Amino acid sequence: KTIDLNCDFGERFGVYRLGQEEILSYVTSVNIACGFHAGDPLVMRETVQLAIRHGVAIGAHPGFPDLLGFGRRMMAVSPEEVYAYVVYQIGALSAFVKAEGGVMTHVKPHGALYNMAATDAALAKAVAKAVRDVDPGLVLYGLAGSELIRAGQAHGLRTASEAFADRTYQADGTLTPRNRREAVIVDEEKAIRQVLMIVRERRVRSVQGTEVAIDADTICVHGDNEQAVRFARRLHAALQNEGIAVRPISPIDKAAGGT
Amino acid sequence: KTIDLNCDFGERFGVYRLGQEEILSYVTSVNIACGFHAGDPLVMRETVQLAIRHGVAIGAHPGFPDLLGFGRRMMAVSPEEVYAYVVYQIGALSAFVKAEGGVMTHVKPHGALYNMAATDAALAKAVAKAVRDVDPGLVLYGLAGSELIRAGQAHGLRTASEAFADRTYQADGTLTPRNRREAVIVDEEKAIRQVLMIVRERRVRSVQGTEVAIDADTICVHGDNEQAVRFARRLHAALQNEGIAVRPISPIDKAAGGT
Amino acid sequence: KTIDLNCDFGERFGVYRLGQEEILSYVTSVNIACGFHAGDPLVMRETVQLAIRHGVAIGAHPGFPDLLGFGRRMMAVSPEEVYAYVVYQIGALSAFVKAEGGVMTHVKPHGALYNMAATDAALAKAVAKAVRDVDPGLVLYGLAGSELIRAGQAHGLRTASEAFADRTYQADGTLTPRNRREAVIVDEEKAIRQVLMIVRERRVRSVQGTEVAIDADTICVHGDNEQAVRFARRLHAALQNEGIAVRPISPIDKAAGGT
Amino acid sequence: KTIDLNCDFGERFGVYRLGQEEILSYVTSVNIACGFHAGDPLVMRETVQLAIRHGVAIGAHPGFPDLLGFGRRMMAVSPEEVYAYVVYQIGALSAFVKAEGGVMTHVKPHGALYNMAATDAALAKAVAKAVRDVDPGLVLYGLAGSELIRAGQAHGLRTASEAFADRTYQADGTLTPRNRREAVIVDEEKAIRQVLMIVRERRVRSVQGTEVAIDADTICVHGDNEQAVRFARRLHAALQNEGIAVRPISPIDKAAGGT
């Protein structure tokens, strides 16, 4: 059994700091902000250099053009706008990856774009088309069971279904909405058990108590504060203890092609 | 004898219009704004589609992150910042070019970045290094005789020295600064004669009356209003009448490689 | 009978043009963009100077922080965000008005903020509270019959109910959504008749054929192209021919107080 | 003897943090970022509330429209642009101050604008005119002995000459440029001694060893990290130990008028 651990990274902007470099020791893939919701050209370059140095898989993390809202606010964007935003951001990051001699392996939409593309088929299609048009070798990360995963498959992309360590699931397999009290798993032991169950049994226990099938290729962890990094370290150790290989979706040395 | 005619294009933003599509009939290369001083992802996509349709060579036109000032204001940027800005913008545009099945052939810095890189060796080097690191097959456009051309050559890039139809030259071969009354050539006949002399004799008559050597591969024309487009049409016709082939620096079908 | 004619103005940005100055001859109030969806500090200053010169009432036209989308895209903003955006923009414009020796008389939200505040009571309350907290003497413009008008009244503000010359109405008094074919009135004669009926009879004929009560203090016209300006001139003349006084909500010389 | 201690505050943006609230216990004036180089509407509101709660004098801290460079990069701006940027930002902040029932007392330009206005008479004049046009009761903060102080006086403004605790001075009274090794005073004891000498003797010892006259109404301290806050606490205590009253330039309760 194998699993990928991914986290968002490179979310600094100008003088502003965010994120702990140490997280790169515990994840196998990073999603790098591309300047729309966070990140700036200098930050992107340094982040790509760090990712290459730590040997983690590099992905683009395109978001909405909403620095003020950190790309977390839903916006009434058209599929054409989403397509263009994703093409633009993948391209910008890919140039840094190329300049540093690395390879880009995947794309994971950020924040509100991730959430909207999970349920809105037209936006999901726009994201998938953008990824395919720029580089069909890129892996598309999306919420397990979402429209985005379906769109990726329909566009011939390899997809990575994502599950969450610290979020609860409903009986129908969807995430419990964030505004619910029980949406987040605070107990680290419980979060680790959830991940182990997802990886080994391809099932998750819902808040209703039922077991639901879930197909996860990658687990989302966070690196923005020290507590999050500690949890990632614990989770990484727990997975290894159980004989589960923590590794990226694609072997990095023969990753996506020409971009 | 051959010459390239280039113009900046795709300088719209959001609801705002700028530029006349008709210019694409008279130039052989366009420099496409990449979202920093002008342009946005939707505009870039449409501009690339137009350029491909008209068969003109496509170049990136990176500028300073100053939409409010249209990239025309000098900023005290470091070479590291310039490097990162140029890599970012080339990458962003290249993704649209790739998605549309075209090829990117060149890079021409915009506005204050163009001017600063003409005289500041450290910034010129940063631009040249950025271009080379992303794609060494790209042609670097710069002011004839400038630091930018020297830096491009030093980095192993093919360069295109640019001359101006509507600007006067000093006895030392530099452009007359814009704040001087005689900086701009208003008389279209005179502007056309200047271009013909530059192309045929590799010389230009300075405001002091002397003749100065100038080595030009490309002539800069403008497409932002109808008068500019009319002039471009006249210039194009005059060049053809004189048996001068108007064509891009690189044949487009075997243009720069993998980006 | 009297009516105010208002239009959005000052929607240029940097080098980009938008709007026809001539519209200032036919309207009695202008809503000036404050730098979020359009406008920039230089533009705001010039626009305020123009408005004072033409003797039209000056209002703030706050929008979403979405220059790329011209403030027309709905965003999932909180009431706290909306409150702060409106306070900020009113303040910014009021400083120019004060510096030029004018008075600010009103506030009209722009685009998606206008539409969202028309139906979302929490956002409407946030806008009304922002206006009152900065200057309770300001008149709040909003869609006739909307939540925004109700919120303005609840906060003790004088309100101006707005009707549209070129939009059709439903039997329940709401505007026909823009995505419907019949949403916009193209026939200028028909648009003028609608305005005259609204002003004289306080009624409008719905697309269903029924007559609906409507309470309008101001009519929205446009100034972004020559055709729009021509229509405003015709409408202004038609109103005067019918003995209807076209004048601002508050007499400008004793307009809102200390801001 | 009295002195004002001022610090920049409210330099957060969106999700990004910067600055320690504790600094408000040791300073008597704060300069609040207005959304151009840092700050956003929500941050400005909270910052004004904090400042009022702590009873410190509130000033606007206008900067260049360069969030990416934190307003620290010199830009080739015209006096007209500077005037409009300063009017805009003072207005935006003043609306929050008014909404919270406070008073704005002063304006201190930020970063590159502060530095450029210290030596460029045309820009200094633009800043002073902007302050006067919006509210002639505001105190203009500037580098002691600078063009900005002169311009403020010429425009009839009350000015506050600023000296630095942690910067060294040249024999001609100017600050040692930041790129020199000896520009910054790292030794806290030495920095405190410099402030005491400035306040009591109106003199400072230059790096050349001579004593230079300096006229300081306010001392600049920093609040962006814990060490800076500790220093401010020590400096505040040292001043009080020496019988020097630490208090704002204007008594806050009868501060600047109608804005």
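Every chain is named by a letter (A, B, C and D) in the order it is written, and numbering of its residues begins at 1.
Note that contacts are C-beta pairs under 8 Å (C-beta built on N, C-alpha and C of every residue); 3 or more make two chains touch, one makes a residue touch a chain.
Note that the structure is a prediction, hence the values are computed from the model and not measured.
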Contact steps required, at the very least, to link subunit B with subunit C come to 1
Comparing B-D with C-D, the one with more C-beta contacts is C-D
Averaged over CA atoms, how far is the centre of subunit C from the centre of subunit D? Could you give it in whole Å?
39
When the centre of a chain is set as the mean of its C-alpha atoms, what distance in Å lies between subunit B and subunit D?
43
Mark out which residues of subunit B touch at least two other chains, giving numbers and ranges.
40, 68-69
Chains as vertices, touching pairs as edges: which of line, ring, star, complete or other describes this one?
complete
What residues of subunit B sit close enough to touch subunit C in their complex?
13-18, 40, 67-70
Touching subunit A in the complex, subunit B uses residues 35, 40-42, 44-45, 80-81, 83-85, 87-96, 98-99, 130, 133-135, 258-259
Interfacial residue positions of subunit C with respect to subunit A in the complex:
65-66, 68-69, 73-77, 112
